[in-house]
Structures are given as structure tokens and as C-alpha cells.
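Two complexes follow with chain A in common, the first pairing it with chain B and the second with chain C.
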Partner chain A sequence: MSAPYIVANALGKSFNGTPVLADVSIAVEPGDIVGVLGKNGAGKTTLLELLLGFTPATAGSAHLFGYESYRLPGAAKARVGFVPQQDELINQLSAADQIGVIASFYPSWDDALVLRLSREWEVDLRQRIKGMSVGQRQKLSILLALGHRPDVLILDEPVASLDPVARRQFLEQIIEVAADGRRSVVFSSHIVSDVERLANRIWILKEQRMYWQGDFDALKESIVRVHVRATHALPASLAIPNVLRLQRNGTTATAVVRDWSADLQDRLARQLGAEVEVEPLTLEDIFLELHR
Partner chain B sequence: MFILKPHSGVPIYRQLLEQIRRMAASGQLPPGTELPSIRALALEHAINPMTVSKVYSLLETEGVLERNRGKPMTVAKPARTQSPLAKRVKQIEPHVEHLVLASHQLELSESDVVKALHNAWEETDERPVHRRERAR
Partner chain C sequence: MKAVLRLMVTYFTGTPLLRGITAFGVIGMIGGSAAFMYLPPLLGSQGGPSRFSLWQETVLTMLPVAGLLSFALGASLLPALFARLASSHYIYVLPYGRAKLLASAFATLTLVALAVALVVLGYYYRSPFALDLVFKRAFAISLLTCSLLYTVLWLTGRSGSAIGLLVGALVTIATLVLPIRFIAWPSQPLAGYWVACALLWGAFAAAFALAPRYKGAFARLKQALIGRRLGASYDGGGEIDFLIGTARPWMLALGQVIPILIATYFLNGFQRAMAPSAPTPWLFFLTILSILSGAAASIAATRSRALWLRAHWTRAELFRRVEDAFWRHNSYALGVLLVMLVGVGTYFYVPTSTLAFGMALLMLGTALSTYVGLMITRRLGWIDACLAVAVMLALMLVAIYASAPSTRAGKVVALEALLVVTALVFRDIARRRWTNLDWMLCRADTHVRAST
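Let's turn to the complex of A and B:
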């Protein structure tokens, strides 16, 4: 396997001694689509900005394409695309002029791609940015991050203001980026259903730390709701490992379990002499359960 | 061609894996059928291309699909040798255990259950001819 594009080791950031992110270790491989989840203030934006090298780390390290993120050489910067949460468009310019400004920084700018997408996404290039809706501005910001065909595309809440049609068009574009397996995407979003479709890796931040990270399919198979139903009163101790939450009611019990494995089902059923049913959870359910 | 529900809780790769496996086994996807490209399938369902490529690779290892140089993946001819009886019986064991447990909870006797099983068996046998032929 080729070297990961992004690596962080025990990465952290404090302001005046107050940590805003602590002890994050991750790796992003070519072809990965990483979904970053977390409540407001969990540290998502800080993490993305540290990975991009916009701000120096106060603990641990972040590397992009093998270089320390904060000291990224120009040639490596040209391989990164970023869509910030708050767009950085210049109000006085038309969309076309704004595109021209950004394009002038990149020798590899793909005019044909930007023109095609601006048509498909219905971004009027003649319009002044000042008069654009939030959704139009967001689309333009995404276009600007795609135009130089970056190897790593990082997006901070890119779709919050897009309608469902525009969101789907955005998702399709992310698929196009990742389809050849040589480029990577990292995006944070509160729209869990988009993350659920696209991400093959999930990072869940909670209270300024990486609470869970890993393969998305593994997450779905690891955190489940287990229903136990018996014809007799269940014993005081159910001996279910790694329970996050348990509700019981005489002959029945429902547990949300972490690190579940399929062989536990038979073992529990025999041990308890009960019917054990495993209910898979949606990403939204998992996220909510982890925050109860 | 496939029904994928990204928000059902069952991992998308598993949904796709099981559908292709089932459709190939039942003949709904006859040997030689071309599968959509990874990119096309990912775009159609707005899912991660890696999910599709993972499924195709797993099914290739299982012998359900065949990779063809420069061409679409196709459904493979089923292997002539069926797995041994003991192995097939093993596969149905979890379902049987489940049935027995549910029967105990409903206070049904063995003969009640055998009778119900027998009826269900007869019923499936009365399905249209083409299904029966394939089952044999």
C-alpha cells in the first residue's frame, strides 16, 4: 500500500493552557473518504485546520504528503483543496473573476471541469458574489476547491446550506474525486445521512478528543442494540460485555453494546436461555447513543 | 438493479454482497451477466466507490463473479460440485435453533412444529415450475 497522505500522532492544540483538541492520532490513505462527526465545539474545525497546517500544533504532530503540515512547501500546498465553513469569497468580484483569481495560483487549473460543474450546479458566473445566496456561495466555494484537481480535498461543513438536489450533485462530485482510488476526501458534516452514504472511514470527536475512529462497516457491526427476551425472569447479572446502556424489565432487556461480535449472540442465547436479537443501528442512532 | 438502503443500519457492502450473491444463486443474474462498473454503481446510489470494489473483490474470491481484463465483471458459472451435506446442514443450524427457541416460548410441541414445517415445505413446493427446477 502507498504511504498515507495525512498522518497525525498525538496531535493537540491548546489556547492559553486550555485544550481545544487533545491526543488525536489518525491516518488517511489515498482513496479514503473520511466523515468527521461531532457536536458543535467537539473540535472538528480545529482538527481540520491543524491537518491543513493553518495553525501550529501545541502537542504531537500533523503531516501532509510527508511534510509537517505547518511548514508545507508550495508544491505540496497545490495538491490540497479546502472548503472552509465560512467562505472566503470577495464580495466585489463576479464569480468568473473570483475563479480567475484562484486559478492564477495553480498551473494545473482545470477550466473545462469548472465550467462544466458551474453549468450543472447552476452557478451564474456573471453574477456578483455580493448578490449571491448562501447556497450559491457554498457551491462556488466547492468549485474553487475542486478546480486544481487536488489529491487531498478537505471540507468543513460543505453542504449545510445546499438543497437536496445540490447536495446530491456535491456527493456525486466527491465520488468522482475518490473513484480512481488515488485521491482522498475528508469532510465534516452534521448531515449524518450524507456521511452514511459516502464515508468508508469515520472519525467521531467528543469533548475535544477522538472518541471513535475506524472503518465505517466495522463501526456499524460493532455498535448494535441487543434485545433479550425470555419466558423466565432474567438473572441479576446479564454478563453482556461492553454495555453502553441497559434497560431491563423482568423477562426482557435491551442493551446498546460496543465491540459486539456475532458469536456473542449464540453464547448469550444459551447462557440466558433466551431469544437474543441483534438490531443494527443507523449512523445517526450510533451518534446519538454515544452522546447519551 | 439493486436495492440499497444506506440508512438501514446494515452496512451497505453487506446489502450489496448479499443481493448479488442471492441473485446469482437464484438465476436472476445468469452466468455471463455484466455488472455495472464500480464508478457507475457508486454514482447511481451515491455511495463510496471503495464499498463497491470491496464487494466485487469478495465475490470474486467466492467464485460468484469473474474479473475480465479491461471489461466489466461478469457473473461466473456456478461450480459443479455442491458443498457437502454436512456443511449445508451446518448453515441452517442457526435458523433451526431460533425456531426451537421460539417454539419453546410459545409452548409448542415438537410434533406441532414438525407439522408446521411440513406445511410450509409443501407450500414452497407448489410455487411455479421454474423455481422448483432450479432448487434441485
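Let's turn to the complex of A and C:
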């Protein structure tokens, strides 16, 4: 197994004593597509910026390709692509000139890929950036991050300004990037369906901490909605382990449970003498349940 | 190397307009210098018959200079592009981004300074002077001047605030005064210039390289030293002043004293014995400052949207209120300039008539730049930009003319009357534009370009 591209241990950041991220430990292996979820202010952008070394950590450590992120050498930077939340393009230039400027910093640049994507995404390379729509600018930002075929692509809410067609094209491209199993993608998004469609690993940040992380399938198996149906009234002190939310109505109860397992299902059925039915949740449902 | 070259090419050719300006500059410099060197005797004054008429000689003589100015202007994307890349996340993820960006800026300025030195060399090619000394002197002075000049563009372009404009004014004065001092004293050794260049670039490079590491500490220091007193809180003035940024007129007004005192030191070291032509640079610098204080009005249209939403005013009434607010704001700065003019003028025995013309000129400078600022209600177009530049040049020319010893008072009065009429016309244009103000066309970056 190859070494992880990104490793963070007990990573934390605080501004003037106010913590904005605390105790985050993660690893990103080659081939991972990680979706980062969290409410506004949960610490998603801070986490991504710490991983890229934009700002020094106030606790713990972050490493990228084995180097401390904050002191990343130039050769390692050539293996990273980044799309910021708001584009940082140069208004005065044409799209082609902007691409030319950014491309010149990298030892290798895939012109054919950029040209193909610009055609597919309908980005007019002759147009001045100042005259582009927000969506066009975002597409161009993504092109700039993909052109040097980075090993690690980090995107901070990359699809927020894109229409559904462009979003789908973008997602297909990300899958293509990670398809060879050598590259990794970490992206944050509020569009949970996109994360569900794309990611094989999920990080959920809540109140500046990593609330849950792991494979997407494991998350779906871990957090479920449980329906309990008994022929008699359920006990007043109905205790379901790791319950996130519980609704009871005489002989029936519905609960959302974390760390669910088949053992727990059997045990609960025996204890209550009731039928226990498990309903898998969509990622959006899981996210909403975690934040109720 | 590839990135440095690409950045340099982009600075000069990033837009179609810059491509044209740069091309003209290169052709003008090379063609003009070649004509100057290989078509002798060009000037009849150098002895021997000239094969050209006077106007042809004038064109040929001025062509390299025009080319040089165009070439330097061609790189005017440097401050904007540098600032944009330096403040973006790209600088963190581009391989060796910070070093390459800095190298490209230094190489561009060196190239411009080299072009200046070569053109100057062309001028002195057939003279008896030692060409290596001419080259060194021209290169040193132009490298420092260009460095300061682009720093002015960067400072004024990145900040629409009074402090940004003040710092810009400070560097503008240095840009104008240092070469004058150098030219005035040609026997002065070059070492001082090289040291100044090294210090300027050393400080800039150190600040740029260490910026990410000490950004937090610098922000805290700035907050402790300046923010609490000047910028971070607001506890006075009306709502209109707060929304359109005219709440602290004293800051700009008192801040002007510093560049004036520095210019005083550089011009004559506070010595009262002055040559007859000495009032000229004085009036010139003070007129520039009066224009600068008025430039703050260019932010008015963008920032007035919040006022429009909150107050039940017509657009015409909004214009009157904003105009009043800016006059209130700028009158503080104008007041300080007038006091400085009278104070400095009295100290240096400047003639009373010059002081009187100067006072009127400062008022006109403030009025004209205020209305030019208020006229900017959408993207800064070519006509507005040319108009603004023409007015600024006119003000400076009148300043030079008014302070000359042989000036006729009637002519100065007539010129100033013409400027009064221009100010009234500008006010009328601004009022009409505000009557049809469209905030969709008022981009936030408009005032930055305008103030630049």
C-alpha cells in the first residue's frame, strides 16, 4: 500500500484564542475522493487551507506528500491543484492569457486537456475574464487547477456557481482525474447529492471538529433510521444506544441511530419483543439528522 | 525562468491596448534612437548643416522619448497583476510562486531602466561625455524612479482609503523629488542611488517573502497602532458620511503635512535662501496634493447605493447630499493645503501674487478632482480618463506658469477663470449622470481604477 498523500494529526487552528478547528486527524490515500461536509462556519475552508499550508496550524500537524504543509517545497507544490471558494482570476487578461500565466509556473502542462475541457465546458478562451459570468469564471478556475494534472486536487466549494449541466460535467471530470487510482481529490460542498455521487470517503465537520470520517458505504451503514413496531406498548424508558433522534407513538417508535450494526438490531428486537426494521438514509438525510 | 518571462510578457502585452502601446514604444525607441545615431548631423545646433527642417528634427528628437514613455506605460499591468497574484491563494500553490513573481517585477523594472539608459546613451552618443558614466547614471536614476513610480501605482490602485492615498502621495513626492535633486546636482555620487535602490528592493523583497509568516502579527500590530485610533471603530459624524467614506476628514488633511515636509527637506533642506524659480516645484506639488484629496470622490457612486436604499431621496437629491459631504470632507484637506502654502510661501519669501494665484489654484484642483470623481458613475471610459488626465496636466501647467517670475497676472487670471468654467461644466455632467445613476454599472473596482 502506498503512503498517504495527506496526513494530519490532532490538527487545530485558533484565531486570537478562538478555536476555528480542533483535533482533526485524517489521512488521504492515492485514489481517494473525499467529500467534506459541514454547516457554514464548521471549519471546512480552514481545514483545507491548513492542509495546503496557507496558514500555520496552532495545534497538531499537517503533512502533504511527506512534507510539512506550511513549508511545502516548490516541487511538491507542482503536484497540487487548488480551486478557491471565490475565483481569483485577473480581470484584465483573456482566459488564454490567464491560463498561459499559470501554466508557465509548472514544469509540465497538459494543453490538450485544457483545450478539450474548455470546449466541452464552453469556456471561450479568447474572452476577457472581466466579461465572463460567475459560472464561466468558476469553470476557468477549475481548468487552471487541472491543467498540470495534479496528484492532489483540493477544491473549496467548486460547484457553487455552476449550473446543473456544468456541475455534472465537472463531476465526470473529477471521476476521470481520480480514475487511475494515483490521484486524490478533496472537495467541500453544500450540494450533498454531488458529494454522494462522487465521493468514496466522507468527512463531516461539526462545531469545528471532525464529527465523522470514513468510507461512504460505512457511513450509510453506520447511521440509519430504525423503525420499531411492537404488538404491545413500548416501555417509557425506551433506550436505544447511540440514538440521535427518537420519536415514539405507543406501539411504534422511529429512531435515527449512529454506529448501527446487525448485532444491535438482533439485541434490540429480542429486548423489546418487537419487529425492528432498518431504513438506510441518503447522505442528505444523514447530514440533516446529524445537525438537528 | 519560463514563468518570469511569461509574466514579463503579460505585463507588457496583457491587453490589446497595452500591446499597441508597447509596440509603439519599442518602434519609437529603436527607430528614434537609430535615426538619432545614424542620421547625423541631426541638430543644426551641434554644428554643420542639418539635412532636416526644424519640425522634422523635433519629431526625430522626441520620437525616442515618446517611445520610452510608451514602453514604460506598456508595463502598467505590472502593479495590478502583481497585487492580484500576491494577494491570491495562487501564490501559495504555484511552485516557487513568490520568488518568480518578485523576480518578474524586478526584471521588468530593470528592463525599463535599461531602455531609458540606452535611449539616453543614444542622445549622448556623439557628445564628448564619457558614455559609461552617462549609462550608469541614467540606469541608476531610472531604476529608482521606475521602482517608486510602480510602487505609487500599486499603492494607489490597491487602496481606495485615505491612508492608501496618503502613502501613495508620499511615494509620489519621493518619485518626483529624488530625480530632481539628482539632476540639480549632477556631481553627486551615484552610491546614494544604488543604496536607495538596494534598500527599497531589499525591504520590499523581505516584506513580500515574510508576509505569510508575519501576516497575523502585522495585522495585530496595525490594529494596535492605527486601527483603534483611525480605522476600526466609528463613533462620530452622520450616517451619510459613514456610508460614503467621508467620516474622517482630518486624517487625510493632517496626513498631507508629512509629504509636504519631506518635499521641503529634499527641495532645499529648509534653507530660506531660494532661487527665483523656486516657487515652481512648490506650487506643482501642492497642486498634485489638492488633486489627490479630491480623488476620494470617485468612490461616491459605488458606495451611495446603500444610502439610496435607506433614504427616501431622488437621485438628484442624493447627488446634492453626496456633493455636500465630499465638499465638507475635502475642505479640511484644502484648508490644510492653503495654510501650508501660505506658511511655506511666507517662510521662503514667495511673492504675494504667486501665493494668491496658488490659493485659487489649490481650490480649483480640489473642485475639479472632486467633480471628476463624482462624474465616474460607471466603468471608467476612455473619454473620462483622457478628460481627467487633461485636466490634471492643465492644472500642473498653470501651476508652473503662475509661479514663473515673468508671468503676466492677466493671463493667469484668464487661465484660472477657464478652469472655473471647466469645474462648473464637470459639475453639471456629474449631476446629469447621477440623475440617471445605474448601480448595476457601478462596479466595486471602479473607484480603484479611477483613483489610480
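Rule of thumb we're sticking to: the second predicted complex is superposed on the first by the 291 of 292 C-alpha atoms of A that agree within 3 Å, B and C clash if a C-alpha of one lies under 4 Å from a C-alpha of the other, contacts with A are read in each partner's own complex, and residues count from 1 in each chain.
Criterion: a residue touches a chain if its C-beta (ideal position, glycine included) is under 8 Å from a C-beta of that chain, and two chains touch if they have at least 3 such contacts.
Since the structure is predicted, the reported quantities are computational estimates derived from the model, not experimental observations.
Undergrad: When the two structures are overlaid on chain A, which partner does A:68 contact: first (chain B), second (chain C), both, or neither?
TA: neither
Undergrad: Contact-wise, after the overlay, does A:120 reach chain B, chain C, both or neither (first, second, both, neither)?
TA: Neither partner.
Undergrad: Regarding the shared-chain residue A:163, is it in contact with chain B (first), chain C (second), both, or neither?
TA: neither
Undergrad: If you tally the residues of chain A touched by each partner, is the higher count for chain B or for chain C?
TA: Larger number of chain A residues touched: B.
Undergrad: Between chain B and chain C, whom does A:193 touch in the aligned arrangement: first, second, both, or neither?
TA: First partner only.
Undergrad: Considering only touches as defined above, state whether A:88 meets chain B (first), chain C (second), both or neither.
TA: It touches chain C, and chain B stays clear.
Undergrad: Tell me which partner A:104 touches in the superposition: chain B (first), chain C (second), both or neither.
TA: second
Undergrad: After lining up the shared chain so the two structures overlap, which partner does A:207 touch, if you call chain B first and chain C second: first, second, both or neither?
TA: Once the two structures are laid over each other on A, A:207 reaches no partner at all.
Undergrad: A:266 in the overlay: touching chain B, chain C, both, or neither? Say first, second, both or neither.
TA: A:266 sits against chain B, while chain C stays out of touch.
Undergrad: Check chain A for residues that touch chain B in one structure and chain C in the other, and list them.
TA: none
Undergrad: Name, in rising order, each residue of chain C that touches chain A in their complex.
TA: Residue list for chain C touching chain A: 2-3, 5-7, 10, 14-15, 77, 80-81, 84-85, 88-90, 92-97, 100, 212-213, 445.
Undergrad: Under the touch definition given earlier, write down the residues of chain B that touch chain A in their complex.
TA: 6-14, 38-39, 42-43, 45-51, 53, 94, 97-98, 101-102, 104-105
Undergrad: Using the touch rule from the top, collect the residues of chain A that touch chain C in their complex.
TA: Chain A reaches chain C through residues 52-56, 74-75, 77-78, 80-82, 84, 88, 90-93, 97, 100-102, 104-107, 128.
Undergrad: Going by the contact rule at the top, pick out the chain A residues touching chain B in the complex.
TA: Against chain B, chain A makes touches at 31-33, 168, 171-172, 175-176, 178-179, 181, 193, 196-200, 216-217, 220-221, 229, 231, 266, 269, 274-275, 279-285.
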